[in-house]
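Notes follow once the structure below has been shown.
Note that the chains take the letters A, B and C in the order they are written out, and that residue 1 is the start of every chain.
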């Protein structure tokens, strides 16, 4: 029940983040829907393709409906929705934590080694936003604000730490998702970033 | 026989649309061939990867040959080919209709629910052009001119309407493909478009 | 043993080429790692997805470790690494030759027709660099400097020529990889390029 609610919130928030970026790019309603959908389901779809199983959205139409709700909300609330910066950020981060844990659990069920599961969790959480940025011709945020994918990996390590401690699956998933969320919230709040890779060309680029 | 001819025409037209966009981007002959090929087979390839079956072009080399013919036509006819605007648009639209129906039929054969089949039809018809635009660093046309993917979805709904009416598979496919083609032709002829998603930043963007 | 060393060198060189392009784009360390990783494993991953087998990097963590070493080298050596232009080019070309041959051999083992194997070899060798360029918003090098993918295809044809001559698998792979490497080295050394696809718009584009 709680999981369903969190899945709903995560999908909605990811779809909104896609629609938000699409607005301001001469994209029409249907285009915005597609960007929202791809942001919400892109990571899980790549995970399922790599795992050689049917994409999760084929088995449950709710992801298409939730994306439709997100588009409706964007059309009705307009700029007011996008001004909810902090609430949206929290939703997006909850989605990240949840999707990461879903990705790890699904990979574990496929008997993959733990480090592959962690990679799959990071793919589930972050590839949707990557595809969103590529479709809209932006330099992917993921490459610039590392704490995004890095938070997934920290959460993944905690996930396997909890399993070593023989915690129940439910507790493990809850703790790992919380760590992902906390890592990202703290990183943003305290402006924690990995350094930028420097090069000679970099300085030129900064000026342009 | 007719299906083979339509498949040929659709592949050729999609390849030409890729090569046309590639010209004027300092892309060489082989690069143009690759863009044409990806435009023609990209949608069906993603569909087959999602369906977990071997990509269709592995089983039949003709798609590579038709793309070669498209490159040859582009090299021989040069700008004259690209000035055939209306004929090319019609070819491209025929390809869209045909590819959509092929995608739906192949998904039905895999026993997927009807709404997944419709999504697969739209993927088959429109993802090739999406990849073309991403490779060439353009904001995907699909996101701006909605009647493209929307036509696939309308055709898909008609497809399942025809099945409900117990029409023969051949008639169903013919009608659905015709609806896709008609929807797009009418939308372009009468400038029917979905509204653009507005935002504050949008106005700034329009000026740049 | 030699194969392992060559695989190591190829992965390292491909990762460096990704990290090199990422630097100068306001990408942070982790983002550079991701670009390097995707460059190194992208081609083989698409090949394995098309072949419907588990991605090769799931079975062996060394590709993640080698990419980490490449990032470390880039951080320690900084611009000095990127000034090793010729050595890097040679590494990159060795990687191209090796990856192409690995792709062909893996496809042959899956009983695919020879022309599909050649396509798979080219995908294995060149798609990583394509994804690198798409992620970093560059017009893919592959589309502009044809001898890249074309070298893979020439090597693939030689591969099957050697098989017709009943050469041993080891000799076949060695000769084919050498041909890929030689084709690219000679093309770069003597400035051999396929002509650019011309169009009216092209001339405008050149000036901008």
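Descriptive notes on the structure:
As a convention for this text, contacts are C-beta pairs under 8 Å (C-beta built on N, C-alpha and C of every residue); 3 or more make two chains touch, one makes a residue touch a chain.
It should be emphasised that the depicted structure is a prediction, and the values quoted were computed from it without experimental measurement.
Chain A maps onto chain B through a rotation of 120°, based on Cα atoms and reported in steps of 5.
Interface note: chain B and chain C, two copies of one sequence, contact each other through mostly non-matching residue numbers (shared numbers fall below half of all numbers used).
Note on chain placement: the centre of chain B and the centre of chain C lie 29 Å apart, centres being C-alpha means. Looking at chain C, residues 49, 52, 134, 137 sit in touch with two or more other chains. Here chain B touches chain A in the complex through residues 49-50, 52, 112-113, 115-116, 119, 130, 134, 137-140, 142-146, 149-150, 193-202, 204-206, going by the rule given at the top. The touching residues of chain B, counted against chain C in their complex, run 19, 22-32, 34-35, 45, 49, 52, 54-55, 58, 61, 64, 74-75, 78-79, 82, 134-137.
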